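Only one structure is covered here, and it is reproduced in the block below.
Chains: A, B, C and D, in written order; residue numbering restarts at 1 for each.
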Amino acid sequence: MLEELRQAVWAANLELPRRGLVTYTWGNVSGIDRDRGLVVIKPSGVDYDALKPENLVVVDLDGNRVEGDLNPSSDTATHLILYKEFPTLGGVVHTHSPNAVAWAQAGEDIPCYGTTHADYFYGSIPCARCLSKTEIDGDYEGNTGRVIVEIFRKRNINPVHVPGVICAGHGPFTWGNNPAQAVYHSVVLEEVARMAILTRQVCPSAHVAPQAMLDKHFLRKHGPNAYYGQR
Amino acid sequence: MLEELRQAVWAANLELPRRGLVTYTWGNVSGIDRDRGLVVIKPSGVDYDALKPENLVVVDLDGNRVEGDLNPSSDTATHLILYKEFPTLGGVVHTHSPNAVAWAQAGEDIPCYGTTHADYFYGSIPCARCLSKTEIDGDYEGNTGRVIVEIFRKRNINPVHVPGVICAGHGPFTWGNNPAQAVYHSVVLEEVARMAILTRQVCPSAHVAPQAMLDKHFLRKHGPNAYYGQR
Amino acid sequence: MLEELRQAVWAANLELPRRGLVTYTWGNVSGIDRDRGLVVIKPSGVDYDALKPENLVVVDLDGNRVEGDLNPSSDTATHLILYKEFPTLGGVVHTHSPNAVAWAQAGEDIPCYGTTHADYFYGSIPCARCLSKTEIDGDYEGNTGRVIVEIFRKRNINPVHVPGVICAGHGPFTWGNNPAQAVYHSVVLEEVARMAILTRQVCPSAHVAPQAMLDKHFLRKHGPNAYYGQR
Amino acid sequence: MLEELRQAVWAANLELPRRGLVTYTWGNVSGIDRDRGLVVIKPSGVDYDALKPENLVVVDLDGNRVEGDLNPSSDTATHLILYKEFPTLGGVVHTHSPNAVAWAQAGEDIPCYGTTHADYFYGSIPCARCLSKTEIDGDYEGNTGRVIVEIFRKRNINPVHVPGVICAGHGPFTWGNNPAQAVYHSVVLEEVARMAILTRQVCPSAHVAPQAMLDKHFLRKHGPNAYYGQR
């Protein structure tokens, strides 16, 4: 069942350590089959070196295990909320990549300082608020998904235009049309987080890029008038 | 004698350069056989490239060499104090990994800024005080162990909950149930030290994570109610 | 046609990821045949891993595609302005290397803090101004080239003496006698950008190097009295 | 002639890129045969990849080329002053390693913040002053050596106890009993320069290590009472 998706999720998981985004098991990728309403996700705490496609776990959107002997990632409930609330998502990634974590731990949005950022994220990357004690003690991982959805709704951001978020005190989640693109956005988020820290080191009061530059760069890569690449 | 432990200590030592934690010979791992009261430790100043299991030195808890032709690590007395005072320890590691050293040289505890830290260290990683001139001129390496024990006792910290420390002006020591886990904690300590420096670069006045988040993350990985991984 | 140049541009493009200057497809190299007025450039959005010499695109100085099936780099118009306005250029490179981007995002010239910089860039590396909304909405990539030329003219800088620039909010462009030298200058620019950030971390008010040191270092490597290397 | 020294200097030169200390040709190692008064040094501007033992140049202490077809390193005169004024030196290294360059460009001594530093450098690593315009326009490379000697004399530092220096606006020189040890000290200097920058990031007003700690660490590795390693 879901052989193609399983292969895609497996390959996307292996891309995380290859791109230097994870230490040990600190990351996970999932993918969804929208027709069947099933999600394929990394098992919890399994080393990337030892991970095989058949180790992946299949769950339904309520979190019931449908296939696989292992426990799914402890972050599964967060992935499921994102899939349910953002119907355009085909893949979701969570990592603890260090520069993204730094912004999350500082509790600040990552400002859009330039074109590298604007090429993929149409505006600042929001920092979802800390959970309250009640939210933490309750359905912690589900609530992590809920505060992500909350900030996108509150600010009226389309998750296709800003394919990632950082969670205060925790780290980044990204997404995309499929697992591979979700990982691509994790790499970009970490790289722009790093560039933004370096930018503040040059000049602590650096300004964000002008809106016209955001429009130009995001829209030359996305939407009907895009002209980047081979189309 | 102690063949299994010798292999484990040897493999754990080699893991240090592989994980980028040591330059030249600036690190050492030991492991203890609690039944026999014997410790296996890296010899002093021997290159990791050239290190073989049979080069490791066996000492008793008073520091007498029981097996091996080479001198044990110059930090052996520190390891022995930790084994004697913290009876739950199975392995001890010392490195000069750069981000951990930076916090040690600044003389500050590493604050728990987020979940990456809370997953393994249940609260800030303490910075043990500088030794006095008398303590340095006397049993220096033993006294290094004693000020580590001192700060854990004074703050009433269980070394299982906070499996590492930084020593002011010097660098980190970590420990675990066995040599491999002690090295794992060295990798984590260096990574959270790095993330904490990056966090301050984003925002010099960043806040520590709320206690409820520490409780959640540490306890979902440790103790009777843990649900991370495959149990 | 242009076989030798095509090989040189291809090899120079592959050098970018090998030197750690690009993530994914975030860079491009071109080279010019001055006699024929033709430019060979990387196609847009093609992975470096998959890039073959025959994928390169040949355009004339007005941007008309003369050879090749793929779209040329979206930055082609910038390259062409530089070739037209700076007749000594044989190769041009654009990257998003992170330390150079940090200076660009901060909107500051990279100061000449020392000899590493002065060996290749005879004075500070200028930061070309942000484009206006009108310039962005119009011929964006051409106008990017025009503001580079503008700052070199305004400050009366010879592009041979300062073989690179950073564009505010965007990133670096470098050039040279040929594509390989243009890439060499990209590596140097990134390295001096990194050293300059580290210098400010040591001392935020660090001074630029004295003029006599610039003269000495640039002129021992360049011009009729050069004595560095094998001549 | 000097076959053994030639091999040692060649191997020490290759160690520089392997340890990540040089970009392109930005470094050089020499070694001296004190009995014959001859110095073997890297040729100027030759790639490390292409460097063969027979390419090395032999010069006498006045800088006359005694063997070899290539020009010696443009920094040869600096090396020769160091050999003449510091008779205990067997090898000399110059690099542009980035963290050491940052301190040089900031014009500050590298403070001894901890034991990693004190294990090899008995006190702060001095920053030799900028040359005057007259000194730069005259025998530049010789004068670079002279200001190094000047600061060691003025502060009464034994070059065996502090086996390296940074030159303001330029970069580091290190030395040792032989070429390999001189390279070892370059690696250490870069690493402690990096740790010192990270230390200031944690706490801009960090204190230097107490003198008793310097004494302990330097003297447990050096001199008649050393007990580190296998003796």
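Simple rule for what comes next: a residue touches a chain if its C-beta (ideal position, glycine included) is under 8 Å from a C-beta of that chain, and two chains touch if they have at least 3 such contacts.
All figures in this text were calculated on a predicted structure; none of them were measured in a lab.
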Checklist entry - Per the centroid of Cα atoms for each chain, what is the distance between chain B and chain D, given in Å? => result 33
Checklist entry - What whole-Å value do you get for the distance between chain A and chain D if each is reduced to the mean of its CA atoms? => result 46
Checklist outcome for this item: Touching two or more other chains in chain B are residues 201
Checklist entry - Are the chains arranged, by touching, as a line, ring, star, complete graph, or other? => result ring
Checklist outcome for this item: Here the pairs of chains that touch are A-B, A-C, B-D, C-D
Item to check | Of chain A, residues touching chain C in the complex | outcome: 113-116, 184, 187-188, 191, 194-196, 198-199, 201-203, 206-207, 209-210, 212-213, 215-216, 220, 227-231
Checklist outcome for this item: Contacts from chain A onto chain B in the complex sit at residues 23-24, 26, 43-46, 70-71, 74, 96, 98-99, 101-108, 130-133, 136-137, 140, 169-171, 197, 200-201
